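Got some structures for you, see below.
Two complexes come next, and they have one chain in common, subunit A, joined by subunit B in the first and subunit C in the second.
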Partner chain A sequence: MYKKLPFLSMLLLLLPSLLFALTADEIIGEMDRLSTFETTYLTGSIQTTDRFGTKTSRFNSWSQGKKDSLIEFTSAAERGQKILRTEGSLYLFYPDAEQLIRMQGAALRQSMLGSDISYEDMTEEKTTLDNYEAKLEGEESFKNRDCYVLLLTAKSRSVAYPIQKIWVDKQTFLVWKAEYSTKQGRLLKEMEVLETFNVEDRVLPKQSKIEDKMKKNSFTLMTIDSFEANPQLDKRIFTLENLTW
Partner chain B sequence: MVRDKLLSIFTLILLIALSPLVASENPIVEMNLLPTLTYKANSDAWDTFFNWDLSLSLSSNREKNVRGEVVLKANSFTPITKLDDVLYKAYFKARFPSFRLTAGKNRLSWGDGMLFNAADVLYGSNDTSVSLTQSELRGNTDWLVSVNYPLGFFSFAEVVLMPPQSNKMSDTFFGARYYTLIKDVKIEGGYATVERLHKPYLSLQGNLGFDWYLSTSIALPTTGNSWVISAGVFHLVKLASERSLTLRLEFLNRPLGSWEAGRIDDSNVALLLYPELVFAYSPFLSFTLRSIISPLDLSAMSTFGINWNAFDAFNLIANISLATGEDDDLFSWRSSEIGAPPSFSVTIGSSWIF
Partner chain C sequence: MMTKLPNIAFRNIFRNFRRSLLSAVAIAVAAMSIVILFGLLAGMDADMANNLQSYYTGTIRIQHADFEKYERYNPIHLGVDWQSIKTIVNDNNQVRAATTRINFPANMYLGEKSHGAMGFGVDFSSEKDFIDFPSILQAGRLPQQGKNEILIGFALAREMSLGLGDKVTLLTTTATRASNAFTLEIVGIVGFPVAALNANSIWAPIDRIQKFLGMEEQVQQILLLLKDKADEKQIVNQLKNEIESKLGTVTDIRSWRELNKLYGMLKIAKTIYYFIAMFFLILGSTVIINTTMMIIFERMREIGTLSALGMHGSELTKLFLLEGFFISLIGSAVGVIIGYIANYYMGKIGLNFTEAMSGIDIEISSILYPQTSILTTVGVWLYAVVISTLSTFIPSRHAAKIQPVEALRYV
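After this line comes the complex of A and B, so read on.
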């Protein structure tokens, strides 16, 4: 009887965590929920570096849920260029030529301003669980934060990365680190959050570094300079009329 | 003459109106410095030029219901005799609850096509007199007044009026178009009266695994060769290590034009091709091969270019252009025509936007 006591007390200690342990799908669901707002307005920059050079593009961005977004570039070389995503379509506007272009098919795979982000990445409307099967691999400490480690396997070939390994903060559900690999496990890119900020009790990435593991010294820094959660947006902001303004 | 005076007055008013707004937005300068070495086989002459072009853009804040922009442009080729020669753009746009008004000197892009676009009935994108070293192959602007009327998320109607080049009211340009999406295909149809010719057009754009676009227009009363069809396909191939190869092929066809090989007028050629290949080795380094090919006489004008985006908006550029064809061909190594491009040219220079 006394021999069983340590085991029972251990079980009692672990009981809350066993009862309230989250599944992989629940972690992903919470992660998606906390990174989506009704509406947002933010300003930021994309800095791309490789062995041939460095360039920085500045932008303003408006979004509504997961479906509508508008980005307007403000840096000199691209000033006034806009990207609109709405109703499953992506449009580009070049002010110099007053030209409206609808992006489709292969054109969506073009990199946005030479960064590690493609136009296709922007058209993503599905949730993570629509595209990936998630498996909880364990727990690890990353940057002194307790994290869930999850392995995401693509359900179809339509996604850019067949395998993703992500480190999700146990408390804030922020993805601190992600490794993007081929089906064969070859590491393509690595993302790491360098800085964070708080908004409405949520923790969001302020600066992230995306490193291309196939090339030496190639990375993109995404920085958010200002962020407004749930601002009142003009009804016509996600229309072609506003895009060509 | 009267038109020029009116336009000058309009521009000055716009510049004055924009001046307080300019303070809130940084002016943008684009500078291209392109030393060029040319060879003309016909006269066996080598020459060197220092080509440059410069543009200054002043624009107002975009967040209000009225906005405007003035762009001044000059280059080493075009002599400046009047204000209109340097005034590339000078316009305002006003946003009303149900429509938008644009007035001034600006561009309207109708239809699709990088080089050939039969739907560009306002400016015409059917000739071969372009520089393949430019990033934007067509960039004509003109004085206009246009009204854009939105009809839902993806549809709009547009009406445009352009003052006549002469003093005759009958030479006024007028045009209208309707833009919509049906299923997954963009459909654009319109009409323009240009120099007393009636030009209806239709333009379609979609995706079949690759992007495609198709346009057609005709000028009535027809002169036979005015029926123009243009089409293009575009595809991007992602290569390892984030490199990419983009392929574009456009053609221009005048079914009633001249199908004969040899030196014929640019506006009468029955068939022209425009292939373009861009290999992006890195976000900062790309190689481009562009060509205008006349398949009837197998002559071509080709340009191979290297672009290195060394720093923010600063590019180092190198281009080699070559005309290949016999004496009587559309493009000829030994062309004797005035204004014809050189047989061979090399350009090494830089471009900076700040």
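After this line comes the complex of A and C, so read on.
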């Protein structure tokens, strides 16, 4: 009996954590839930630094649920350009063009405004588990925050990144860091949250640094200047008809 | 005896006429092939030089000093200010014509379809000295300045099922390193001699492209044509120094020869072809060597008799050498004349490689026109005569070494 005591004590100690430990799918589910609002409206900027210098583009963005989002650029060089993601498709509107451009497949991975962010990154749907198999790799401290380390493997070839490794905050479920790779493990892109802000008890990234590893000496800072959760939005915002207005 | 030798040698050709004819034909075929090959090479050389200067780089190209370094990143923002350089260019009395261009890779959208294309923003009025657009226009008209109109290569139009009046949207990078898309109407379909331009090029007024790409008054390239016999290197240096001293701008100014590596390779290839021509002639000469050797063995008794009668070895060598020389002379002459006529004819009708060259990105026209040159033809004729005659020297020498006693034993 005494011989079994250490084992039983260990079991008793670990029992709560074993009972309440989250699975990888639960972590991802919570992560998506906390980063999704019924509707949002935000303003922000994309600052890209590369071999030619630094340039800043400003934008307004609206989103609805997990799948609909609209971005409109307001800075002089791109004024009036819009990106609409709805029903799984991505459309670009340019004031000088008479037709909408529908981006699909590999084109979604193209750089947006010459930054390190792709169209896919910018308008990503919050349906991670539909597209990826998640595996909990362990736990790590990142920026003094306890994080889950998860490995996401794409279920199909239709996604931009076949492999994602993400560091998810154990408390806030914020993704602090992400590494995006090819199936063969070649690092394509890296994202790191530099600053955060709170909205309705949720922690969201205020400023993120994105580095496209395919480009040399290049990085992009995406900053959210203002954020409004659940504003009243006209549902026509996310229609193609509205885009060409 | 010396004066009689050529007569004897010439007469000997007809002693076995069919064999002499075979030797002459071999030399003729080799000489003809070389004349045709050189004619084709000269045609390719002239065609490439013309295409490179008309469609790609001008005789001299001026662009931003860093453009080529970052070319793979499509640095539209690295332009040059034509308005300030214009005065310097116009003041140079060796410059015959100047034009400006903006080249931009674009994705062309037509409904759900898309296709990669190479866009060119050009000034159609100053292009007339470079690209004669009216002469290559297959349908429609030229775009007008200030209007959203384009010309399209006929192969690209065919692939995308596009015609006059259709509108296409182009998505490309801008001078602010962002992107822009704009819609242009097809008003003309063009057929370039260069296959690659037909397959992927679109041509729009430069003022519209400057606006859509946010380039203001900047252009990407300034192309110049020089007057005949102008020293390209000297003009390059002059312009470089003047632009640098007067405007304080460092630009990349180079002549078309410096810019086009492939043309340099064509020059190297020509040198290699001279050697190939030599081997070709040696190969043709093997027939004459063989014929001479056979003649020597056949006429062994005759050689013995001539030696016994006092003919020197050197005279015997000369006799056979002269026989080979006459065959070479006639064979080469016939060969180069046929080659010249063939080149002249092909130069008129052209050799159509359109099917073979479709999809090949090379600055050589799909229809090649071989060139005729009296100088080259005479050169090849002399070259053929010398090599073939020298070839007969090897067996001819053998005749000199034959002992009369041994020779007379041959029946």
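Remarks
In the analysis below, the second predicted complex is superposed on the first by the 209 of 245 C-alpha atoms of A that agree within 3 Å, B and C clash if a C-alpha of one lies under 4 Å from a C-alpha of the other, contacts with A are read in each partner's own complex, and residues count from 1 in each chain.
Here is the rule we go by: contacts are C-beta pairs under 8 Å (C-beta built on N, C-alpha and C of every residue); 3 or more make two chains touch, one makes a residue touch a chain.
As the structure is a computational prediction, the values presented were derived from the model and not from experiment.
Of the two partner chains, both subunit B and subunit C are touched by A:A77. When the two complexes are overlaid on their common chain A, residue A:E241 makes contact with subunit B while staying clear of subunit C. With both structures placed on the common chain, the touch criterion links A:T56 to subunit B but leaves subunit C unconnected. Applying the stated contact rule after C-alpha superposition, one finds that A:K67 touches neither subunit B nor subunit C.
Legend: residue contacts after superposition of the two complexes on their common chain; A:Q99 is shown touching both subunit B and subunit C. Of the two partners subunit B and subunit C, more subunit A residues are in touch with B.
Once chain A of one complex is fitted onto chain A of the other, the partner contacts of A:K155 are absent, as it touches neither subunit B nor subunit C.
In the superposed model, A:K183 makes contact with neither subunit B nor subunit C.
When the two complexes are superposed on chain A, the residues of subunit A that touch both subunit B and subunit C are 48, 50-52, 55, 77, 96-99, 102, 113-114.
Interface of subunit A with subunit B (complex): residues 48, 50-56, 72, 75-77, 79-80, 86-87, 89, 96-100, 102, 104-107, 109-111, 113-116, 212, 214-215, 218, 239-241, 244-245.
Across the complex, subunit A is touched by residues 26, 28, 59, 62, 67, 93, 95, 100, 106-109, 136, 138-139, 148, 150, 153-154, 156, 181, 184, 186, 205-207, 209-211, 234-238, 240-242, 244, 246, 282-285, 308-313, 353-354 of subunit B. On the subunit A side of its complex with subunit C, the touching residues are 48, 50-52, 55, 57, 77-78, 81, 92, 94, 96-99, 101-102, 112-114. Contacts from subunit C toward subunit A in the complex involve residues 70, 73, 75, 77, 109, 111-112, 167, 169, 171, 173-174, 176-183, 212, 214.
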